[in-house]
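You will see two complexes here that share subunit A, one where it goes with subunit B and one where it goes with subunit C.
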Partner chain A sequence: MKKRGRGVAWMFYPIGFTAYANPSAAFVKVNQDGSAVVWTGATDVGQGSTTALAQIAADALGIPVELVTMVTSDTLQTPMDIGSVASRVTYIAGNAIVRACEMAKQILFEVASEELGIGPEGLESRNGWIFVRDFPERRVRLAEIARKAEVVKGRPVIGAGSYNPPTTFLDPETGHGKPYNTYVYAAQVAEVEVDTETGEVKVLRIAAVHDCGRAINPLLVEGQIEGGVAMGLGYALSEEMVLQEGRVLNTKLADYLVPTSLDVPPIDVEIVEVPDPTGPFGAKGIGEPSLLPTAPAIVNAIYDAVGVRIRELPATPERILMALREKEKEQPGRSVRDREDGRPEK
Partner chain B sequence: MTFHLRFWLNGQEVRTEVEPDETLLWVLRERLNMTGTKVGCEAGDCGACTVLLDGRPVTSCLLLAPKAHGRHVVTIEGLGSPAKLHPLQQAFITYGALQCGFCGPGMLLSAAALLTQNPHPTEREVREAIAGNLCRCTGYQKIVQAILAVSRGEVP
Partner chain C sequence: MTVITRPAPPPVVEEAAEGAVGKRKSRHDALLQVTGQALYGVDMKAPGMLWAKAVRSPYPHARIVRIDPTRALSIPGVACVITARDIPHNRYGFTHQDQRVLADDRVRYVGEAVAVVAAETLRVATEAAKEVVVEYEPLPAVFDPIEAMQPGAPQVHEGGNIAARLHIRDGDVERGFSEAEIIVEEEFRTPFVEHCHLEPHAALAIPGPQGTLTIYSSVQRPFLVASDVAKVLSMPLSHVRVVATSVGGGFGGKNEMTLEPWVGLLALRTGRPVKMVFTREEEFQATTVRHPYRMRYRTGVRRDGTLVARSVEIISDCGAYVSWGASTLAKACIHAAGPYVIPHVKIEGFLVYTNNPVGGAMRGFGVPQVGFAYECHTDSVAAAVGMDPITFRLRNGLRDGCRLPTGQVLERVTLHQTLQRALELAGWERGAVP
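Up next, the complex of A and B:
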């Protein structure tokens, strides 16, 4: 018999660890034509960080993103970044890039202030223009100022910046302290169908609602969440590394089962933007948080469907059948199979 | 003993000498320097090495090269070009359907074969057509959306 159930799970996840040094650094130069080059050690492994960081640089300088060239992850050329780990890149490398751009922008604004007759603190830049904040129609092309800075004033427009969420360390005795700079929050709901004859679980739908601070690039954020849900689904139902005396027994994709396009259900993604004052333009992170609530939501949905608590992952058909059998032993005659409405005894 | 292999690769005739136990994947990458076709598991499980053999997707890691003799092989290099992307490639970009991109060549060829045989597939048929192409990054949703968009003629 096939039984349906729904489960929900919440999570919070830390961004920007502070228990030990966690730096990123960036260089930037603004060219005479108003384009810019950014050097960052941050590495894009497909999550799209180079795109998001280019957007951050563009907004920090006030130029169109098409005019930003990124030079990334080259230990000879690019400054320090500790790595694409811990969902930290947008937050930490992004902050470093903002700081580098602020330095370059200060040079631009100092040069532009002569032209616009107001101190640098009264200026802003957007979309290739530098303008007076209170009188935006008083403006000058950023490219013109960049050229003037270099050619007339002898002040090349460059910047360097680094960011490290304040390292606080933890108390070595108690482990207490402030381990992270900020947190993201999320909830996911899973709907499943459990076959009580075979123990098989089919996930019918997942809803994933995530806070990531400001979503610098919503399409990429969605991609991270969808991919995370698929990983969480594998963690919940099929992926298990079998170890024997320290050796992995299932080293093939034929016996370590990654979800296919037929296993991953439609995913409803919703991004809840709660800009964080410590993040670049309010951004936090989204990589790992996306997969955390999936397995508990699925396991709760299994409980809702057939009334058994699976406490060891993955929830394979075998484990589910065993749990159903246990339950039947404990409550003879009250098996889920006997109930007409399909709701489990709880 | 070498085998004189002759086949059509992306529309051009290719002749090369191969060992009879070499796979087509190996011949493409190591003898012909066509590295768009990816090496994943080399066991037929991941689909990263997918190419089209007479229009049908096959895992080139399991295909002995002599089996391609006299036949038509299409690799990702034959699907569109940087100057003129195939509609599926354009749709994958528009929909953000790839992240690391490693599954991309195989995924695109499986999708291209599907749309040739079945220009208006259902979502279920799309998911079945790419079920042999594992993707670790995307959760498949944007890939499926991109393929369906092309089938509806919605991509430039």
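Up next, the complex of A and C:
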């Protein structure tokens, strides 16, 4: 018999290293034509961080993102970044880039202030223009100013910046401290169908709602959430290295089962945007958190469906069948349809 | 090739959309990716390049009696074989300096590297690796962290098998349990998991003038790799350049130095570029994995559904070396009580050496393990007091200004908002969210 159930799970997760310093540094230059080059130590490992960082640089300078060239992750040619880890790149490398851009922009604004007849503090830049904040029609091309700065004033437009989140170590006695500067949150709902004859679980649908602060690039955030759900699905139902005296018996993707695109259910993704004033344009992070609620939401849905609590991952058909039989033994005469918690059957 | 990305085609500035933040921009490197111009670690090559292959231990725990590369070196096309003796400073690690670039006195897990061969082709290197004679004296091994904690268990390292201990206390947990009306106790277990990034570890080392070295690697932390390579090879940091290639996934598996010092040293020894790519089997057996955790949760609750006390004990199977084990355990402990208001909390974590594969960093860093446990446990506690899992969460979940067991006060907490929207998206009709 196939039984359906639903489960929920929350997650909360910090951005950045636990207490240890984990800085990032960035350089930027604005060319004579108003284009820019950003040097960052942060590595794009497929998640699209370079794209998000380019978007941050574009808005921090006030130029189109299409004019930003990114040079990344070379210990000789880029300033340091501690790594593409701990869901930290958007937040920490992003903040470093904002600071580098602020320095470059200060040079631009000082040069522009002569033309616009107002101090640098009264200026803003957007979309390739520098303009008076209170009279946006009074404006000059950013490229013109960049050229003038370099060629006439002899002040090449450059900037450098770094960021490290303020944290404290845990007290060794109590474990108290402030090891992280900011957190993200999420809830996921899983709907499953459990076959009581075979123990097989089919995940029908996942709803994933994540707060990542401001989403710099919603397309990439959704991509991270979908990828995280797929990884969580594997953690919940199929992925397990089988060891015999320290030797891994399943060392091939043919016998170690990572979900494929055919296994991943429809995922309803939604981003809750609560900007964090400490992040670049309010952004925090999304990389690791996306995976966290999926496995418990699925296991809670299995319980909702057939009333057995799986306490060892992955929730394989064998484990579910064993639990169903155990339950049948404990409560002879009661079918798996009866609820352990006394709630009425749906 | 340093990764340089710029979008294409070049824009007409006047027509560009205003502002980039918040926009669904396509990837900055999209054109490079779809035209195959993005170079991953496995794509890297250089003229005159040699291939490297590791000689790995078949034993989970053994003393190395003798390593004899003579036969391997006599094979035509073999250029060089390195062992622990060739490593100037054969220790590294983030919190614990227990890891060897190549095993010296002992091997501590199946797949631990004892030598690396460089040859003209991958096939010759693979054949030659089988001809490196390693004589082992097998030692008693331990595979279960609970057994490893017992007196008399085989010792993986000197100084006992408990590599790290951590505790967090908030309030008075004994008093909390005495105030509880119902106590729920459960044990959870999670498995060994491999990252399965589609691109395996891959690196190319190129020797430069004046003893310098450039290493292109598919890695998440090039700056850490550069400083670790400089340290273990006793080179000035200025002589070691590490460039991250396009990376075909990492998920924490490429958080640390692996093959880089081998190809680096072989390149310096032979004066030729040296490339290495791990096989999928090596990824499973010889690179880091997600730690299996055993977790005992005990929670005290009042009949009205108010949480009063929670104790959590975590035993993490570290494998043969600490790697990121202590750091992941810390993150796990900090979050083990879950996103709930609980006045009295005690968390205890143990990191235990075994002769299993080495646990390392993996997406979530200890929190997927405790997250599975605390969220399933939450449903069990809710059931024990006869409450709906959602009502129970809403009653006990963290809100703005709440504190974690570490004492950290949280702001902009969106648990209730995200849950409400997830339930709406899922069409959950049962009980509107208060």
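Some points to look at:
Methods note: the second predicted complex is superposed on the first by the 332 of 346 C-alpha atoms of A that agree within 3 Å, B and C clash if a C-alpha of one lies under 4 Å from a C-alpha of the other, contacts with A are read in each partner's own complex, and residues count from 1 in each chain.
Here is the rule we go by: a contact is a pair of C-beta atoms (placed from the backbone, for glycine too) under 8 Å apart; a residue touches a chain by one contact, two chains touch by 3 or more.
Computed from a predicted structure; not experimentally measured.
When the two complexes are superposed, the chain touching more residues of subunit A, out of subunit B and subunit C, is C.
Of the two partner chains placed by superposition, A:152 touches none, neither subunit B nor subunit C. By the touch criterion defined above, A:46 reaches both subunit B and subunit C.
In the superposition on chain A, contact of A:229 is made with subunit B only, not with subunit C. In the superposition on chain A, contact is made by A:215 with subunit C only, not with subunit B.
Using the contact criterion defined above for the overlaid structures, shared-chain residue A:262 touches subunit B, although it does not reach subunit C. In the superposition on chain A, subunit A positions 45-46, 48, 219-220, 228, 231, 252-253, 258 are in contact with subunit B in one complex as well as with subunit C in the other.
Subunit A makes touch with subunit C in their complex at residues 6-14, 18, 34, 41, 43-46, 48, 50-51, 54-56, 58-59, 64-78, 80-86, 126-128, 143, 170, 174-180, 183, 185-189, 191, 205, 207-211, 214-220, 228, 231-232, 234-235, 239-241, 243, 245-248, 250-253, 256, 258, 268, 270, 272, 274, 276, 281, 287-288, 291-293, 295-297, 299-300, 303, 309-314, 340-342.
Remark: subunit A residues 45-48, 219-220, 222-223, 226-231, 252-254, 258, 260-262, 264, 266-267 touch subunit B in the complex. Those residues of subunit B whose C-beta lies close enough to touch subunit A in the complex are 40-41, 43, 45-46, 96, 98-101, 126-128, 130-144.
Those residues of subunit C that touch subunit A in the complex are listed here as 2-7, 10-11, 13, 16-29, 60-61, 109-110, 141, 143, 166-170, 186-194, 196, 214, 219-224, 226, 240-244, 246-252, 254-255, 280-281, 283-285, 289, 327, 330-331, 333-335, 338-339, 347, 354-357, 361, 363-365, 367-368, 371-372, 374-376, 379-380, 383, 386, 389-390, 393, 397-398, 405-408, 410, 412-415, 417-419, 421-423, 425-426, 428.
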